[in-house]
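Structures for review follow.
Each of the next two complexes has chain A plus one more chain, namely chain B in the first and chain C in the second.
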Partner chain A sequence: MNRVMKGAILLLLACFVMVAAGCPAPVVNEIKIGVIGPMAFVQGEHHWYGAQLAAEEINAQGGILVGDEWYQITLAQVDSNEMLSVTDAATAMEMAITVENVDFLVGGFRTEAVFAMQDVAMGYEVIFLGCGAATVELCTLVADDYETYKYWFRVTPINSSYLGMVDFLLLGMVAEEIRAELGIETPKVAILAEMAVWADSIVAAAYVYLPAMGMEIVGEWRPSPIATEVMAELSAIEAAGAHIIFTTISGPLGITYARQWGELEIPAASVGINVEAQKEGFWDATVGKGNYEMTMNTYARVNITDETIPFIDRFVESAGEFPTYNAGTYEALYILKAAIERAGTLDSDAVVAELENTDRIGTAGRIVFTDAHDVTWGPGYVTGLGVQWQDGEMKCVWPPADGSWEGVVYEGAVDYVLPPWMVEYWAP
Partner chain B sequence: MIEAIIINGLISGGVYALLAVGFSLIFGVARIINIAHTAFYMLAAYFIYTFAHLLGLNPFLSVVLSVIIVILIGLVTYKLVIDPVREHGATTLIVTIALAIIFQEVMLIAFGGHFRGVPGLVSGYTEILGVKVTYQYLLTFGVVLVVLLGTWALLMKTKLGIAIRSTAQDREVANLMGINVARTGMMTMAIAVALAAIAGALVAPLRVLEPHMWMPPLVTILAIVVLGGLGSIKGSFIGAFILGFAETLVVFLVPSGAFLKGAVALTIMLIVILIRPEGLFGVAFEEER
Partner chain C sequence: MGTISIYIGRLYKDFKGGILVLPSRTIAFFFCLLLLLIPLITTEPYILRVLILSSIFAIFAASWDLLSGYTGQMNFGHALFFGVAAYTSALLNLHVGLPPWLTIPLGALAAVLAGLIVGVPCLRLRGPYLALATLAFPLILTGIIFVIPGITGGELGISGIDPLSGSRLTDYYIAVILMLGLGFVMWKITASKTGLIFHAIREDEVAVRASGINTTRYKLLAFCLSGLFAGVAGGMYVHFMRIAGPSTLELMLSFQAIIWVIFGGIATIYGPIAGVFILYPFMEFLRIIPEIRMLVFATLVVLILLFMPEGLTTWVRDKIEKECPRCKLRNIATRKSCRVCRADLD
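Our next item is the complex of A and B:
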């Protein structure tokens, strides 16, 4: 009897402890997504913020429905340190897959590092959605060796060939403005491009296209990507009588360049690619001297789609900063969710097949993947933007507000403005 | 074009000279190859950014506060890390590399890898011989001349200068003559770090503020001090202008090869030291010191 009593008491105590501790939570299905990028830098931060925002939204809506079961997204932050070491990036990718056991990966920024990370991910047959590197060859690999590289997709940005096309469209628009406002029929162009492989093709194309576009090249300046200032280059460009500086700059040199260009009031419009000018911090970094600098970009406060401005607002609210194209991880998570739900399984091959069928109206345009798993560029798809800094605000100036490019108009776009000191210098 | 080459060469050389003189001083008088020299310049730039931009203090007050704080940091690191190993040249070299990387990582943790701008002490530009030059560059050029004169006067005309030079010539004999060798070393370090901090205040607005900003100028400074002669302040000054003009010439004469300006400058240094291993104004033998 005593034993029965003791047993009953123990049972009661056990029940009491269980009740006191709360009932064990039901088992939650989990999909683990690795967000890989240079986390000490703005690119990695925006990878993370974008993914975090999407994960919160998706989880709040119940998660991802795989067959009949709901899965919650868990994010794993993976610091690739790729700005400083390509080897670190490959190791981080290996760790993410083998130690963190991530199911999918999004992110990557620096081309050399993404190539290394891509190989690791493909080796483990883990789907990797790129949100940073533009090099065409990352997707050419898919076309050349589909079975090995089919797990790679590029979500942002548009590839470097398309970036080149937009680049020349922006240049053409500025040249037209100079013709119309200053009466200069054949604007003179100085090419200022950092000495890097990705810039070579743009420089080579400039020699082909610019004469055909009614422009004259007065010189080509190729500073090192790690150059710290370009005052001598700017003096030489001004001495050459350039009306336009056609920039191809990815690094911090873009800040020094724009600051010195504005402070010295070099009488030439600046247009092209200046990656640092795509960031919200550009205005402060140039101490306001970067006014009128124009660059290609992915996001601006315009209605590319109905998703764009609400996304920007939510991103700014959560991250405190304007999103760069690396925040395309937001898009990547939604694309992944849709593909998994259509596939009804987490099996990589099945999800790849559904990713190939993606057709999503996203925050930067309509996303459809090419056969090489690259994001499609063009009117009606993702177009990219031309933005200009105007009195502290990054304004969308291309596609032109008058719809003169393929009839594409994004609500909120404004007219391009030539720097006033340039107008004063060249005015007839 | 010649005017533009002259003006840009002078300006570029002036900026390099400001950075190189402090480096040369600490080697010339204390025989310390302080790789962390430009890291102190980076620290000063971050302090100025913090005080002037984040806390909204007066820019000149921010510079003064930053220079003082960086001097204190320099003295503490000298006492705790450099002084105990200063007799071992290679160890000192490694220790200062470690210090520079520690400073870099601390700034990376504190401020992230964001590229930022430091407001200049003066804004705007003027034209000299038809060439546009910002006032900040002109200020830098003026300060480098004052700093050089001040350093020369300090070393040649003051008791502290005599003590520093005596200690540099023979530490033991200087000690026997009643010079406080340890304190003299500290003072030398303080002066060198102050020069780095002043360089930070003047040059940082001309560059981009980021934790790795100490590396590119370090390579150029090493080239300048080797070209001018290790430890020779006069040599560093002249070496800075030689490299400044060489770089400017490359930009103007071979625009599409502008990325080679650093390589051309280093090649000039190599040619000079192959012909004259001690550099332009260095001493051929240690015994000549």
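Our next item is the complex of A and C:
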């Protein structure tokens, strides 16, 4: 190639670069969705990872079809700082709506802050899909004052009443197992709940429901949520002759308790809520002593629907962590996409009407909203799960694998196993 | 026409002699003017929200200064007054149906009562013992709130409260005018004979009692006055946020008030107001770097305290003004002799 030719090619390339740089970028329609949550905490991080995963998938498929135009999703991360300041949370919500100009919002975690954020969003008539706070009252407002609060929907978790119901269903299943395997007709239950307000209502309910469920309460122990030592409580529980420890724990106590329960081989099955046991790091944190610990959860490697396991895999791949229920922002974005496409417009009222018609087979079950814009709980809808740690793996054990609860069976679910040291201790 | 010109002339003379004569007063005047004129520049709801909350917290911080800065009664649980007023206003509004212009003063009166309840048992305590005792009261009230969730809403708080007014602009003017008015009242109290006694109690309580002054009465008065102003802030907050929850009693809120006051300048009243109006919007600005927001905030506060131990406003005032060694009046730093007694300033 002679020098003239080389020069001509370089000139051509230069012209091409200049023209390309000068060309206006193609106009891309965008829908801006605010992901609001406590971003310095795991709950906010999972809000973000879930939404990010859904946005990437939806955008890769072309985006959202509004009428006959395609829109790409742009996410705005909004740190509500709600764990530390309710004021900050409401201000962040207003900033997202008026400064960032988001079209829709997903997220929220701490109930008091979500109430404040909800009011701001409703004031601006911006649709807010809740993905963290379980309080029933957030949806009661929709039923009481529909015109003001109709822009609020709860996608995850199931509300606090249903969470309580699942908690007692898990307890009932373990009691049945003890009756069948050990021949103990009236299992004795020790209540071990952290000293926190949210646990009080569950403890109070236990005193009402347990005798009716054929169980006897032998005592109530209330250690601190951050206790690093519960051997005294566990020894007292053993001395009281308990067959079941009914746990209500959200703090780091969950690790201490499970580790010492396994170390001491307390002859009582452990069931209830232990938030630490919902995380994948639980096994290592308890050095394997948390084997047979059982807790309520939202996700497990089980086919709640065909979407569940592929979602968990993709989430773990992108975030490096097992999803908590706050990752339901993933679901929220798909629900929103479908409603917008059905409405054919971004107008809030039209989208609300279509959100009310939602019937989606999602990652945690079939999502249908109630009249109060709450996620429906029950067989055939979102049910929640009971998971048990079995030899290093978090296995789904409720709904039971034999379909004994309303005929609901999730492929991959296994049978619940009583701790072997307990069986040995109480064997007839 | 001539009479009007005379009045305008007099007004200008007073303005020049009373405000423009000192840089600190000039800054304060233009700050007030700017606050009142901001809606002419922008009606952006987010900016107005930040300024409304700054105004509410400025009243709250100044009320802490009135009690702890002036009388030295170290109160580590100031959120008690804020929370009592917040819950009282919310309950009266929700269950009795009283409008905000009634619930806010009634909430403030409840906070005064709280001031009395806290003040009486704490009067015999001093220093760290008093600080710890005051710290306990909001925790006790939080416990009570959780015990009677049927009335207080427990962990969820009380929602569905009437807004302060129907519009953001009206909210803004209510908050700003109340802040300026109450700030002025607090400043006048501290500049009065009562304020002088508050000062004296902080410096040497025994000496004050030896002078025949009933210090118990004045300390109780300080608790009640502080409760009153903090209560107004609590009532306004609850009608602006439309929720009264346990967060209105959190320790964090009590500590924030102390940070604002120490940053702005303790025992000044205008210092806490400046502290809030600098730090609160600054925290909002730091949302652009959420990961290191708290770190930057803490660094700024530490730096200010390191280089300006008496607070920002006191440091600035001492740089731009000088006190006359003879008549104790303040003069602009550039003057060689006192503007009143002509004494040498250098």
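Criterion: the second predicted complex is superposed on the first by the 394 of 428 C-alpha atoms of A that agree within 3 Å, B and C clash if a C-alpha of one lies under 4 Å from a C-alpha of the other, contacts with A are read in each partner's own complex, and residues count from 1 in each chain.
Keep in mind that, in the parts below, a contact is a pair of C-beta atoms (placed from the backbone, for glycine too) under 8 Å apart; a residue touches a chain by one contact, two chains touch by 3 or more.
Since the structure is predicted, the reported quantities are computational estimates derived from the model, not experimental observations.
Asks: First (chain B), second (chain C), both or neither: which does A:D119 touch?
Replies: In the superposition, A:D119 contacts chain C only.
Asks: Check the contacts made with chain A and report whether chain B or chain C touches more of its residues.
Replies: B
Asks: Does the superposition put A:N303 against chain B (first), chain C (second), both, or neither?
Replies: Touch status of A:N303: no partner.
Asks: Output check: A:W198 vs chain B and chain C. Expected answer is one of first, second, both, neither. What do you get?
Replies: second
Asks: After lining up the shared chain so the two structures overlap, which partner does A:L141 touch, if you call chain B first and chain C second: first, second, both or neither?
Replies: A:L141: touches chain C, not chain B.
Asks: After lining up the shared chain so the two structures overlap, which partner does A:S85 touch, if you call chain B first and chain C second: first, second, both or neither?
Replies: In the superposition, A:S85 contacts chain C only.
Asks: Check the residue A:T111 against both partner chains and state whether it touches chain B (first), chain C (second), both, or neither.
Replies: Only chain C; A:T111 stays clear of chain B.
Asks: Look at A:T370 in the shared chain and tell me whether it touches chain B only, chain C only, both, or neither; answer first, second, both or neither.
Replies: Touch partners of A:T370: none, neither chain B nor chain C.
Asks: Take the contacts of chain A with chain B and those with chain C, and give the residues found in both.
Replies: Common interface on chain A, chain B vs chain C: 40.
Asks: List the residues on chain B that touch chain A in their complex, please.
Replies: Counting only chain B, the residues touching chain A are 1, 4, 7-8, 11-12, 53, 108, 112-117, 119-120, 123-125, 131-132, 134, 137, 205-210, 213, 216-217, 247-248, 251-252, 255-259, 261-262.
Asks: Would you pull the chain C residues touching chain A in the complex into a rising list?
Replies: Against chain A, chain C makes touches at 44-46, 49-50, 53, 146, 154-157, 159-160, 241-243, 245-247, 252, 284, 287, 290-291, 293.
Asks: Which residues of chain A touch chain B once you look at their complex with the stated criterion?
Replies: Result: residues 38, 40-42, 45, 83, 194-195, 219-229, 231-233, 235-236, 238-239, 252-253, 255-256, 259-260, 263-266, 276, 281, 284-287 of chain A touch chain B.
Asks: Touching chain C in the complex: which residues of chain A?
Replies: Where chain A meets chain C, its residues are 39-40, 77, 79, 81, 84-87, 90-92, 94-95, 98-99, 111-113, 115-116, 119, 135, 137, 141, 197-198, 200.
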